[in-house]
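In what comes next, chain A is part of two complexes: it sits with chain B in the first one and with chain C in the second one.
What follows is the complex of A and B.
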């Protein structure tokens, strides 16, 4: 399990970035919760929020290089987030929220990890 | 028969060979890794199952089956594929904290109950299973590999359920 501190940091980052980019969280917030925890886990282990929805040959090298650190380059340039963390309004899976509470993350991932 | 599947975002076409690190580019067949001595017990079990009536669900020691989708690892994957015979094999390659993976899994479970002639497997692409993940080739998570006769014949990169179903149907009837 990632640390509470990193989960909180990534939760706040996600809310802030969603607002800034005009994107929304998934209608199914369990998806959002899992990804936020994945980012937190990488923050703990690698020092950077490496995208948890990719497979890497060398995670530390990728974290240093930065392309896939959240927000990744595809997201910054084209608002493409295959983690389904930041969804444009026209995306079928987009909900209406740009906020997610710590309790929501905890409850929605209680059965995982 | 080789099928091409689209990758998310870019619209580019990805072949199994292109995404398979270090695998020969001349064909879409991915070479099997040699089985470790630890998997000999699995080989025996799989051979025994081949003699039986067969089932889409294979439960081996150390593996878990969740509603028709069997968790595999780097040691159990190829023995199970070997034992699949003519059955199509669908492998769900996922990571622990991948949101779309979690979203797709119930749908994969549903597919496993729909297709009795398909073997559904899942692989946690963690550090332990990294050699197998590298052998099979994966960048985007989830990635679904479809195998027939022990060779990868198609791949879906990303949480694209409709594409996955279409591809499974094509491979099954091909």
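What follows is the complex of A and C.
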């Protein structure tokens, strides 16, 4: 499990970045919650929020290189977030929120390992 | 990874494989849809899920880095054009599988 400090950092980052980029969280916020925890987990273990929706041959090298550190290059350049964390308004899966509380993250991931 | 060969590559039926990772949000969305497919297509299709963190060799072999990835295996090999990245609805997986099984 990632640390509460990293989860909180990534939660705040996600809210700020959604606002800044004009994107929205997934209508199903369990997706948002899982991804935020994944970013927090990588922040704890690698020192950087490496995208949790990819596999890497060498995670530390990828974290240093930075292409896939959130917000990743595809997101920054084209608003493409395949983690479904930041969704453009026309995306079928986009909800209306740009906020998510710590309790929501906790509750929506409670059943996971 | 050892079981993969026996279960997937030697299967007589086509196999749907779902490559996922623990903290991948869209992978969680896809999981119940894949479970549904496993029941709906029982007898016509085998269905397996691969945790990519536990099976890095398979990811490297088949170059399936974006997650989730759904892909079909048939007659001991991957069907490259069946590769599909990202979340998928039940309706879309049905049409994906129906098209594949009819071809």
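For the reader, a short list of remarks on this structure follows.
Note that in this section the second predicted complex is superposed on the first by the 113 of 113 C-alpha atoms of A that agree within 3 Å, B and C clash if a C-alpha of one lies under 4 Å from a C-alpha of the other, contacts with A are read in each partner's own complex, and residues count from 1 in each chain.
The working rule: contacts are C-beta pairs under 8 Å (C-beta built on N, C-alpha and C of every residue); 3 or more make two chains touch, one makes a residue touch a chain.
Since the model is a prediction, treat every value here as computed from it, not as a measurement.
After superposition on chain A, the partners chain B and chain C are seen to clash.
Once chain A of one complex is fitted onto chain A of the other, the partner contacts of A:83 extend to both chain B and chain C.
Shared-chain residue A:53: touches chain B and chain C both. In the overlay built on the shared chain, the residue A:74 is in contact with chain B alone; chain C does not reach it.
In the superposition on chain A, A:37 contacts both chain B and chain C. With both structures placed on the common chain, the touch criterion links A:28 to chain B and to chain C. When the shared chain is aligned, no partner comes close enough to touch A:10: not chain B, not chain C. Looking at chain A, you'll find residues 26, 28, 30-35, 37-39, 41, 52-55, 57, 82-85, 112-113 touch chain B in one structure and chain C in the other.
On the side of chain A, the complex with chain B involves touching residues 26, 28, 30-35, 37-39, 41, 52-55, 57, 74, 78, 80, 82-85, 112-113. Listing the residues of chain A that touch chain C in their complex gives 26, 28, 30-35, 37-39, 41, 52-57, 82-85, 93, 112-113. Within the complex formed with chain A, the residues of chain B that make contact are 8-9, 21, 93, 95-103, 125, 133-134, 138-141, 143, 158-159.
Partner chain A is touched in their complex by these residues of chain C: 19, 21-29, 52-53, 56, 59-60, 64-68, 85-87.
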